[in-house]
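These notes open a run of structures that come right after.
In the two assemblies presented below, chain A is common to both, partnered first by chain B and then by chain C.
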Partner chain A sequence: MRNFLRAIKGRAYPRVVGALREPSWMFWDTFLPLLSISAYVFVYRALHAPKEFEGFVIIGGIMTAYWLSVLWGMASQFYWEKETGNLQQYLMAPAPLESILAGMALGGMFATTVRVVAILILGTLIFQVEMTVSNLPLLILIFIITLFALYSMGMMFASLFLLWGREAWVMSTLFQEPIYFLSGQNFPVKALGPIVAAIASIIPLTLGLDAMRQLIFPQSLPWALMSPWIELIFLSLLSVIFLILAIIFLKKMEWIGKTKGTILTRWL
Partner chain B sequence: MQAIEVRDVWRIFKGKDGVVEALKGVNLEVKKGEIFGLLGPNGAGKTTLIRILTTLLLPTRGEAYVLGHDVTKEENKIRPLINMVSGGEYSGYGLLTVQENIWMFSQLYGIPSQEAKKKIKKLAEELGFENILKKKVRTLSTGQRQKMNIARGFITDPQIIFLDEPTLGLDVEVARDIRNFIKMWIMENPDRTVFLTTHYMHEAEIMCDRIAIINYGKIVAIDTPENLKKMVGKEYALIMNVQPKIELGWINDIDGVINYLAKDVEGGIKIRMIASKEEAIGEVVEGILKRNAKIVYLNKEEPTLEDVFLKLTGRGLE
Partner chain C sequence: MHSLLRTFKVGMWLDYQIEANWTTPLIFFVYNIAKPVGSSLLLLAMYYVVTGSIMGTDALAFLYVGNAFYMVLSGVMMELGWVVQEDREHYQTLKYIYISPSSYYSYLIGRAAMRFFLQIFPLIFLMFIGIFIQVPYKIDAPLLIFTLIIGWLFMISAGMVLNSVTLLTARYGGAIGESFAGLFYLLSGVVFPVNILPWYLRNFALFLPSTYWFSLVRRSVLGKEIDPLLSQIPLPLCILLILITTAMFFSISLALYYLMNHLARKRGTLEMITTY
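Moving on, here comes the complex of A and B:
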């Protein structure tokens, strides 16, 4: 167990350091999402939409930062690690691959949280958005479970992207925009209609956003998809399912790598 | 117990371009305490064999054991005991310093942080890169980077270290530092084993206790460098520089020529030849002159591993 934790710490370290060592990255990672948030806020203002919609956009913006971290920092990661030769080291080390993925996830969460806090503070101050948290412990729990489900999904994609054998950036780009839309990044997902909203609920971001918006902006209840408690249950289920699938695909990837040789051998 | 045992190992890849037999019934044994070399040209199967022994790839057929453990079933017992460094490797993270990078990989082997830091300092002193420990990896030269990789491989104190072309593309000085370090390490740890692949015959010759020569997935000879060279001991190894470049196919028809290797050089051609009879040399010289070319350099040399390889396979190592 101690070795498992050491491996997590070791793999999380580059991400933690990365978040703090390059201040220019921090600036751009905060400034660019704020620009995108601003565009939607001004559209809602122009349409005289209820004030809570501006808050929806800010919450959507910060949760999207986590989605981007999952896509580019988790799902694509084994592909980059393969290209640089790190994957070979990870596969050969006695540490289980699960610990390496967990390290990536924890490091990614930390690095993204640093940016997210900056976006949240600046966004709230600039656009004067009022937040009235109705149930703080539940909000924190839903936030944590959403992150857990999201990063478990990222772990699952990490092996899948490698198995599909495509360029990882193509896969990440493919997943990026549709998820913005389906999760209701900038609007309440209920607006998509019950069927699409139900399908979109297999994305942890959709349920997490919906639940958090209800708890931060109580006046938005008419736009809610379902109760935050039910969403918490679904999110917990998704977390477990994605985690189990991640472990299965990880084993599958390792097995295919060893038998077919396609994971590490470039010319195949 | 042997450090490594390989019994009739085959590895067949099925790719888009058809079937490739990378290893064809490889057999070898490596004793503990040896620096064992696997010498062969690019594409001979060296990396495939190393990947099988480091549990990254399964053999298609045959058996392989590392420190008595089966590579197909006991990878969890093998992995804590081994490590590997490859030439031209770009592992690690550019944003980290050299020290942080080596430390990060040490954590995957469960080495306590303080112990890892002490070891990094010691390895840096031995390999001569203490001055770059705080430097970011992305700013390193190829040589500095490879010294860091070597330290990453040795920090886990492996029972067997696999070195896949460890001096590939390095300048003479860095390559010498790395070779000296490996030799010192095995002297200080006589129960450890080094499994080295290379296509540099000089490296194999000065480093290895025993060498296996591999060609197109088959081991064609295994012995000490001295004994291997004795295989061409009674024969003549010649180097000739001929100007201008001429066609050389006729050399093979001369009685007594075992094999030759030709390489284009400025204004002509460099020929390395092994002959079993002295008369063959005269005939080759005559043949060159008859084709209106001149011999600008001719020398009989002590046989090298390259000559052994040439004799056994009919091709060069580079």
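Moving on, here comes the complex of A and C:
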């Protein structure tokens, strides 16, 4: 248990320090995402949309930052670590791989949160978006569970992407714009119709965004997919399922590595 | 000159291999259109939740056509924003390319050319889909070809700015490319008219070649300019402005490339590996 916790701390450490040590990352991750957020806000302005829609864009932009962190900082990470030679050291270390993944998740969450806070403050100030939180404890709970579900999904993908090799990059790219659309990044997902919205709900981002929109912008209630409480239950279920799958795939990946001996082979 | 052309050709070939040799051409095509289609659907959904329709109005045509062509720009930017990191840290071949007798500059242009070419297919696909949402196409073929050629030159210049910067930065090229493309998305009247921007950004937009490029795109594809501000600029003047701004952009990117190249050699960052 001590090793488990030490490994979490050890893997989270470079991300926490790296987030603050590399100024260029800080710049690219905070100021520049505001550009695409601003563009979408201006699209709504050009269409004379109600003011709360601009708020949807900001909330969507924030959650997208976490999604990108999950894709590039979790799902693709084992593959990247293999290419740079760190993975074999993780495998040899006297700590379970689950703790390495947990450390990456915690470090990734921290690094992304630093940027997200900046994006939230700047975005709200620049566009004068009014947020009326109707139930703060529920909002915080949903936010935390959404992150937990998202990073559990990232942990699950980490093993899969490693097995898929080069296709990992392809999958990460593929999981961007189409997922932004399916999860209702900038618009209420209910607009996609009940069937598509239900299928899209397998992505924690979809339910998390829908619930947060309802709790921050009460005017958006007619666009709600379902009650935030129900979405909280689904998100909790998704968290547990993804976590279990992550552990199963991790074992599977280790087994394949031991039997085939190709898991550490680079350029595959 | 022969050597430069050969490097350019090899750069193009290599880019295609890196991008596409993991699968069959058909699957690659599907993968290649996923991002542009996803992005267009996102905008259509935004349009739908506000207007209640996704059928042909000027605003929809503006948004749809601008976004379809922006995907070409975005693809090239993303590629060129990542290529240095990829060569340096993933494949760890940057140092070998540097010490080879070929020109790194023409190698990068070759890679950008292939990416531009590959992005044309999703563009054609999106234009085709546009027929179903009643985008009122009125294509001026000579103007469209000119627009694509000048657009490629501008994109290479912008891409070289990115490359130059990433010679000195840590592993975050993808984000740089995406963000840089986001700058053009915001300021160039891609999905909303330039006059929606605050005045200070509007004035800045008029110095960007991309603003005139998207204006030429609309003129060549829709047969008219819908943007209230840019429609006041006659076509010949618009062409002249894009030529001037592209030449300026190209000169800046070339100067920046040589400066950053010198600094990267001096600081020893050509072999840098960042694994946070």
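By definition in this document, the second predicted complex is superposed on the first by the 264 of 268 C-alpha atoms of A that agree within 3 Å, B and C clash if a C-alpha of one lies under 4 Å from a C-alpha of the other, contacts with A are read in each partner's own complex, and residues count from 1 in each chain.
Convention: contacts are C-beta pairs under 8 Å (C-beta built on N, C-alpha and C of every residue); 3 or more make two chains touch, one makes a residue touch a chain.
None of these values were measured; they are calculated from a predicted model.
When the two structures are aligned on the shared chain, A:W28 is found in touch with chain C, with no touch to chain B.
With both structures placed on the common chain, the touch criterion links A:I140 to neither chain B nor chain C. By the touch criterion stated above, A:N86 is placed in contact with chain B and with chain C alike. Once chain A of one complex is fitted onto chain A of the other, the partner contacts of A:Y44 are limited to chain C, with no touch recorded for chain B.
By the touch criterion defined above, A:G18 reaches both chain B and chain C. In the superposed pair of complexes, A:K260 makes contact with chain B only, with no contact to chain C.
More residues of chain A are in touch with C than with the other of chain B and chain C. Look at A:A95: by the touch rule set out above, it reaches chain B but stays clear of chain C. In the superposition on chain A, A:E177 contacts chain C only, with no contact to chain B. Residue contacts after overlaying the shared chain place A:I199 against neither chain B nor chain C.
Common to the chain B-facing and chain C-facing surfaces of chain A are residues 14, 18, 22, 84, 86. Here chain A touches chain B in the complex through residues 2-3, 6-7, 9-11, 13-14, 17-18, 21-22, 84-86, 88-95, 100, 257-261, 264-265, 267-268, going by the rule given at the top.
Chain C contributes residues 22-23, 31, 34-39, 41-43, 45-51, 59, 63, 89-90, 169-170, 172, 174-176, 178-180, 182-183, 185-186, 190-193, 196-197, 273-276 to its touches with chain A in the complex.
Remark: chain B residues 11, 13-16, 51, 54-58, 76, 79-80, 82-84, 86, 89-93, 95-96, 100, 103-112, 152 touch chain A in the complex. Touching chain C in their complex are the following residues of chain A: 14-15, 18, 22, 24-25, 28-29, 32-33, 35-36, 38-40, 42-49, 53, 72, 80-81, 83-84, 86, 166-167, 170, 173-174, 176-181, 184-188, 191-192, 223.
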